[in-house]
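Worksheet: the structure to be examined is printed underneath.
Here the chain labels run A, B and C in written order, and each chain numbers its own residues starting at 1.
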């Protein structure tokens, strides 16, 4: 009895240390972001001098209002959403079966393809854009959302395939064998046994794709014309604090606004991030 | 025994596949893009990268051509790179674009531009200030209808620098800087190590980043002298000379004077600064004022449109050549109109800033519009940084830069 | 035999959508670049370019001078430093976050992901102007309060290299933590229980159980990160040599070096040749390290 309590206390103390550590770490990590928050909320609009504070003396939300009233932010938001959703759907529908097959089946060319896929990442893609333009142009996919979706899904396809394959590899094959003895068909096997087990990997992949699409601006500005077709990142890029347009506080406010949805998503999916394997999906 | 969790994923999986098939169909559908009919109104698409106010003036002026010609203005970031990719693609390229003159050489060599003289009579062009026409010409052809031009201005904060204190020579400026640069204040700041800003100092010594014959001039004695002379000014400025630092210092009243573009004016006035604009100080040694680059903004016609929509393009250009367009665009952008007759307009003639720009432009050098300039920006900037920020020897740095420039220009072909 | 070929067919059928996408968006550009590298496509021959054989490759050798070699070495150093820091820090943090019954991990994890939720150029701009700027950067404001002289963080080669590494770490850690965290979740807890009973400490568990268990899962992400670090462009370019805002530091990586010494010429044939050569160098590197790993 006594032993147990002392252990509990020790663990409690450990957790306090952990909290202190992580609070400090988060603060340290977020200094640049807090800086942006402060700049965007500061009514004095002063960047200079030794008087910077994380909590400004007088607050204003006029920079945030400016983001929403001066720019078609909601339209950009809609465009981002459409692109992100479509890219996610496409990437996962093509990625999951491919990853599963590469993990479970042994077939001619498998190893060669896997090796080649990784090597493809070493190509400096500065010039890719031009080639992709040459490819999509004749198909009428320039200035067309579908073109961007294909580009995004294609860019992330290697990562999606390899990443999910890695996780599939970690799921013991015996589970599937047992299920197939229980009479599950092969499609059932994948959708009802493997998928739940691979949930964290699929989510990680999905988040990765989402963030890529959300933050991508080079293709989005080059392949789309007209401010009404921009995504949030492309719009932000176009109003970036350049010499000519630059309002640093508005820019700071805008960058916080566009990253907010990603954080929400991230927070929301965390509870699903535990693998089926450890959350009681499989019990012997 | 296994207890299997039946997820909802299978349904999602099926839905996903549905999405995919739909997309394939969409893809097939999109590739059969319909060609524009020859009948009815002609649509002219103009790409630009300007502020809304300027675009609005342009749009207003061109709406009068409706219903025969519908002009669509599209803001395009990264316009220059996009044009390289789509320049000759009739489906993706715009018909015209509205931009500074400095890319004319690149696009003319690429063969995507049509000379403006295919549409406008010479006497229309003769109405433009000669400097703007010079800027719009490449290898003997005029490729741009100039609308307005911009150049850097000497700006000062009246709270610190009184009108009578405004230096007329660079030595006076230097004395002012020595007296006033302390305690977080600067007498004068500029983007000392950017090629666009430093070029004005080189020009005052008859030095050039790129000479008229397309040869880099970084190794010339004139450039060496200019760099050497400029250095003592840089020592009294913040080391970091990029726009964020310089503009913020001036906007927040920590710098008494600066050299900046017209785009700075609105933000500075908004910050409550009593802004004065003066002509550039003169370098006593040469008797020439600091002579910055000027940028001439105007419309260019793409070759793909020139053939297909010749008459519509002609009408658009004629509408834009009207004085009233120049005047109101100049006012919207705070720049100086390109047409001489615009200055008869009292509102233009009374505008301090426009007139200061006009004065400065008398000495300004149009940015070179040769393709070679594309590599010169980087090389010149590296030289400026070596001299101003890393404290390297002027002569050897300039010689290195010249050699590098020659090598890069050779690699362009 | 028949079953085997059916198996192969089925496998390719399932993976073909993904492979086709990769073919279009990733492989086609590489092939196209290779094709262009044998032509004289440049400003003067934009549409009427023709084959010039190996001319571009011959010219490219000029770029591979001593400057390029030091850039290459610097890039290797940069990659090694960044990867070691990323892996160690991410592993430690992910392990701490996965301590059982630790409440609040969701909050911490979300907070630690924030750097990732912003577009890269925004973050870099924030660091450059907000943190490192010698006039009003936060770091120098703090130094000033401590009574010290401002430091030009991005001007010296060494300090700029450190700054770039810090920013890169800041940008890349969230992804690494997430991958590590996901992998740790997939490790069967029961393995630990027996190890704890055997009296294994945290370090021993990490070395003998956790790392072997997650190695396979994180391998692809780590490899991909190695390559993206190797060909990192934005961080170094935007922090030190962006046009109009150079800082005076010379810490070129191979890509920024190639950019300033070739890509700005607008000569696509020439630039393509250099891209292909860098590609070959990188493949050479990865084959070399791959073989060494096997030997071990």
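By definition in this document, a residue touches a chain if its C-beta (ideal position, glycine included) is under 8 Å from a C-beta of that chain, and two chains touch if they have at least 3 such contacts.
Please read all numbers here as calculations on a predicted model, not as lab measurements.
At the far end from subunit A, in terms of centres built from Cα atoms, lies B. When every pair of chains is scored by its C-beta contact pairs, the maximum goes to A-C. Spacing of subunit A relative to subunit B, judged by their CA centroids, is 36 angstrom.
Subunit C has its Cα centroid 34 Å from the Cα centroid of subunit B. For this pair, subunit A with subunit C, the centres built from the Cα atoms lie 16 Å apart. With touch defined as above, residues shared between interfaces to two or more other chains in subunit B number as follows: 20, 243-244, 248-249. For subunit C, the set of residues touching two or more other chains reads 17, 129, 135-136, 244. Counting only residues that touch two or more partner chains, subunit A has 47-49, 93-94, 130, 150, 237, 241, 243, 248. For subunit B in complex with subunit A, the touching residues are 2-7, 9-10, 13, 15-17, 19-20, 23, 26-27, 30-33, 47, 51, 74-78, 81-82, 85-86, 89, 91-92, 184, 243-244, 247-249, 252, 254, 261, 263, 267, 271. Those residues of subunit A that touch subunit C in the complex are listed here as 11, 14-15, 18-19, 21-22, 25-26, 29-33, 35-36, 39, 47-50, 52, 93-95, 97-98, 100-102, 105-110, 113, 117-128, 130-132, 134-135, 150-151, 153-155, 157-163, 165-167, 169-171, 200-201, 203-204, 207-208, 211, 214-217, 233, 236-237, 240-241, 243, 248, 252, 255, 258-260, 262-263, 266-267, 270-271, 273-275, 277-278.
Across the complex, subunit B is touched by residues 45-49, 86, 89-90, 92-94, 96, 129-130, 133, 137, 139-144, 146, 149-150, 175, 178-179, 182, 184, 187-188, 191-193, 195-196, 199, 221-222, 225-227, 234, 237-238, 241-248, 276, 281-283 of subunit A. By the touch criterion given at the top, residues 20, 84, 87-88, 106, 109-112, 191, 193-194, 196, 238-240, 242-245, 248-249, 371, 374-375, 377-378, 381-382, 385-386, 389-390, 407-409, 411-413 of subunit B touch subunit C in their complex.
Within the complex, the subunit C residues that touch subunit B are 17, 40, 42-44, 46-47, 59, 62, 129, 133-136, 152, 155, 243-248, 260-262, 264-267, 270.
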